[in-house]
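Same chain, two partners: chain A is paired with chain B first, then with chain C.
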Partner chain A sequence: MNVNVTQLSKRYDGDVVAVDGVDITFPSGQTTVIVGPSGSGKSTLLNLIAGLLLPTTGSIHFGNRDVTRIPPEDRNIGFVFQSYALFPHMTAEENVGFGLLESRLPASQRAEIVESTMRRFGIERLRRRRPGELSGGEKQRVALARALARRPAVLLLDEPLAALDAQLRERLRSELKSIFASLNVTTIHVTHDRSEAMLLGDSVVVMNEGRVLQHDTPQRIYRQPANVFLARFFGDANLIEGHLDATGRHIDTALGSLAVSEPGATAGPVVAVIRPEMLALAPSHPDFTVRVEHAEFLGSRWRVEGISERAGRIIIDLPGDVAIAAGESLPLRLTRDSVHVIAAEDIAIGAHHEPDLTVTRRS
Partner chain B sequence: MIERWGRKRFAIGWTMTVVIALMAVLPPLAAVLQAFRAPQAEQWSPGSFQYVIETYGGCLLFSLRLAAFVALASLVIGVPAAYAFALHPFRGSAAIEQLAAVPLALPGVSVAIAVIVGYAQLRGNWLLLAGGQMLYTVPYAVRVVANTLRNVPLRTLEDVARTLGAHGVVRFRHVVAPLLVRPVVLASLIVFALSWGEFNVSFLLATPTQMPIGAALYGTYTSNSGAVSGAATAIFLAGALPLLVALQLLERRPFDFGQGV
Partner chain C sequence: MRSGEEKSGRWTGIALVLPLLLFLTAMLLYPLMRLSALALHRGLHVDAPMLHALRNSIILSLGVATVSILLCLTPAWALARWPWRLKVALRSALTVPLMFSGVIVGFLTILMLGRVGLIPTLLASLIGIPAGSGAAYGAVGLVVAYLYFEIPRATLALESAFRDIDIEYEAAASTLGARPWSRIRRVILPLTRSAIASTFLLTFSVSLGSYGVALMLSRRFTILPVEIYTAYTGLLDDQRASTMSLMLVAVALMAASLTPLVNRRRV
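Right, the complex of A and B next:
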């Protein structure tokens, strides 16, 4: 079932706006990841959808059912909290079966569901253990199993991997991906981790200051960010200022004339988004050269920071099998035929959140 | 160097532990053993115990009943108050919580006299004695329960239960009540032990027919032989020690409320 939020707002004490007029449709059976920096309103939005908070204005529909004022216990949701919040006085098995206590199912059937859910998450051997006897990863699995045992219509996850160490987080991400794919439940997953959002989301909602900045596939948000904030939030980006010509097909930049990947913007000042991997070494016909200031060897690739006389500071990702040293001059070319541009009215959005943000001006 | 400092710290720690343990154990031990310093005719014998039980048995029973009542009444008042202070604080709740602890800072004699003056019409009624003790025990009950609840993410756990479809009764029965059991048992043991060993209020408000063991113990020291007072002290400690052991056992096994409960 779709989950629709319409003009949803949450204000505290009249002044603080946590969620500001949000409209989103979460498609049925798909995983939507809400991502944003701390204080962007993403967890508040999740709590509103869960019913743990009441909105100041707006509505929430699960399918055709208006659940805006319905308490969480009557929404048929599963919620995984960041801290897992397992019941400390219950065993793992009792935790997983908790959501079935009020079901009218016979005890034997409830036990079967608990058993099969625990087996699905590979935690059947932890049956008799209490939360204090479980590792972080085991707690996370029990929390997920508990949320899913009652077969909720909507699954909500509030940074479920945030409390884990990096290695375990990496492993559980992939597990979550396959679990989500097999569930066919409308899943809304909140995280501040961009790579987690890109890996897990069929679609991604980026929020900042209580508003939705972009709702799209991870690929489109990465390749075609709607504004400067998004361009910087999803990975590194070289933001090159330019001027879009009257045809809307070309921009004049410090790196030369570049084709625009989605023509149609109004002529005038724009910013071209050039990701570090969109640049490559071109010894024979370089578009421009960069003097290497700093180079980090990351195994499969180099992360290079350099200065272009024409375009200023440039970040480049190059293959790891070449030799690069600080001070040398690199001949570079753009590997794409066209670039994404951010229109003038969207340049300023979010730019003030990144103090180190530099938009390279035309020379 | 580090190893030597480690050994030194270990030795200091051990010494301090032994000193504190002796400070705690020696006074009651001395009281019990004083019987051995008495003249031959007055020394310990099973007869001393029999005498204490026959003479002060009523006091022991009265103390048991009084401590049970004080524990129950303190919990009836203290648990809801602690729940409100810890989980649903309101404007001024912190001040009220602090104010409730004021009797703990006052000399017991002053509190007892204040109770006598304030509730003169209840003079001779055991409720006055219970009320006087509760001025001490309720703040303890509130403190113990509130402190535990502040360390339990009870609201989050209630929220979890709600998202899992649990309505009020199921939430209370399966989540709130089990988590309250431990602090409530802890508070009741502390309050019971406090009432059992309370002296100031008991001494001033006791009547010959309603005398708690704390006040009676004083009577044995002033009017009975060393053997009898030693036996009375031993019987008094026999009542308090199981409570203290139970407290230790309860505090040794807390729930894991750390990251990722």
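Right, the complex of A and C next:
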């Protein structure tokens, strides 16, 4: 069942626009990750889809059903809160069974579902524990089991890993990946963490200031970001200024003439997005050279910051098995035949929407 | 070394609470002993009117506490949850009756329910019930007058309890399919049970000891505080007054001893 939001907006008092005319189709049975800096409107959007907030304008459809004005209890959703919101007066088992009590299933069948759901998440031994006696990771599992025990049509997760420490977060991230893969449920996962978005999303929606900047597969967002904000949001990027020629196929840059991977844009000023791993050592026929400012050895690779006389500061990832020292001169070449370019108007957007990536945890 | 530190810490602690200990000895322990001595020095004497007043006091306080809780649950809930702008004004208005002395409350009740009060007059002119019954002076008048200061107390206490529950519990319950009534029954009430119980005990204890209102109103409905006053200042009967005081103290202590019980299982 697809989830569709159409021209969805949420304005708060004092004209704060949290979500601003958003159109997204969340494909049936797939995991869509909404990612953006804090204040980008991603959690508000999720709460609108859940029915915990009412939109100012626009509509929400689950399949063909218009749920815009339907309260959350009638939407058949599962929601995992960042704080988990496990009921403190109930045991883990009672929490997992909470949603089933609202169904008209006989008690024996409910108990069976609770049992099998808890077993599936490996939490059957926590049955009689109260949330106060559970660790962060255990709470997260109970919250997930509670949301899924009812077999919801749509699973919504609001930063479910943000409250955990880094090590546990990494482990549970892979676990979530396999859980999502095993479910045939339309899943919408909100996070501020870009690597989480890349790992978990069949597709990724990047939001900033209440708007959708790009909705695409993680690979395409990484390789073909729509603007400078997106180019920087997913990983490091060397943004090389250039001029697109009249054919729309080549740009002139300080690093020479480069072919454009998606020709056809109108001629004019552009930037080319060159990821650090798109550059390699080329002792015989270098395209350009840089002088090494900084070199960090990261085991499998070097992260090098160099200065090119023509193009300024350049970040390069090089294999870990060579020797690199600060001050030396590196001959480099571009390992791709063509580069992705961002047109001038999108540069302006990107520059204006300079991301503030410091993450403030929600209280 | 360490135990020495602990010892000196303990003495500092005792020194710090010393004023409190002195207060409790002077104001509670000693008077209670004198009271007991007065009540008992010619042998304990309890008669039917005393027991009647005791019974009335307990019934009145239980009734007032029950009605206050029932009347205040939903308004307190609304105050805690709805983003009203009027909320602050409403909350301050509620504290006004709390500052009035009991005598004033009694007077206000007479103006409403007394022989020529607003409601009896209205009833007389509208549906021909003869005025002059003076509902203010019986049990009804007392309940109404007590509600006057118990409703604000209960509302404010319950509101803060409701505000303490994280709104996400309700949100979670609704995403799990629970309708409003089910959310109240399965999530909100269990989480506020101890707060409701302690609010009940609070309103009960305040009603039990309340005196000024009753002095103005309770002509037909005898309650302990007024009987104690009459026995001491009117009849000059020390023993009678002390005996009834001990009864009142005993009931109040019983209520107070329940408070930690209802608060124990705070999750």
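Basically, the second predicted complex is superposed on the first by the 350 of 363 C-alpha atoms of A that agree within 3 Å, B and C clash if a C-alpha of one lies under 4 Å from a C-alpha of the other, contacts with A are read in each partner's own complex, and residues count from 1 in each chain.
One rule holds in what follows: a residue touches a chain if its C-beta (ideal position, glycine included) is under 8 Å from a C-beta of that chain, and two chains touch if they have at least 3 such contacts.
Because the structure is a prediction, the values reported are computed rather than measured.
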item: Fit or clash - chain C, chain B, common chain A; value: clash
item: Partner chain(s) touched by A:E73 [first = chain B, second = chain C, both, neither]; value: both
item: Touching partner for A:F229 - first (chain B), second (chain C), both, neither; value: neither
item: Contacts of A:G136 with chain B and chain C, given as first, second, both or neither; value: first
item: Touched partner set for A:S83, first chain B, second chain C, both or neither; value: both
item: Chain B versus chain C as contact partner of A:W302, first or second or both or neither; value: neither
item: Chain B versus chain C as contact partner of A:A163, first or second or both or neither; value: first
item: Chain B versus chain C as contact partner of A:R150, first or second or both or neither; value: both
item: Doubly contacted chain A residues - partners chain C and chain B; value: 50-52, 71-74, 76-79, 81, 83, 85-89, 98-99, 101-103, 130, 132, 146-147, 150, 156
item: Touching residues (chain side chain C, partner chain A) in the complex; value: 166, 168-169, 171-179, 182, 186-187, 190-191, 267
item: Residues of chain A touching chain C in the complex; value: 50-52, 71-79, 81, 83, 85-89, 98-99, 101-103, 130, 132, 146-147, 150, 156
item: Contacting residues of chain A [partner chain B, same complex]; value: 50-52, 71-74, 76-79, 81, 83-89, 98-99, 101-103, 130-132, 136, 139-140, 146-147, 150, 156, 163
item: Chain B residues touching chain A - in the complex, by the definition given at the top; value: 153, 156-157, 159-167, 170, 174-175, 178-179, 255-257, 259-261
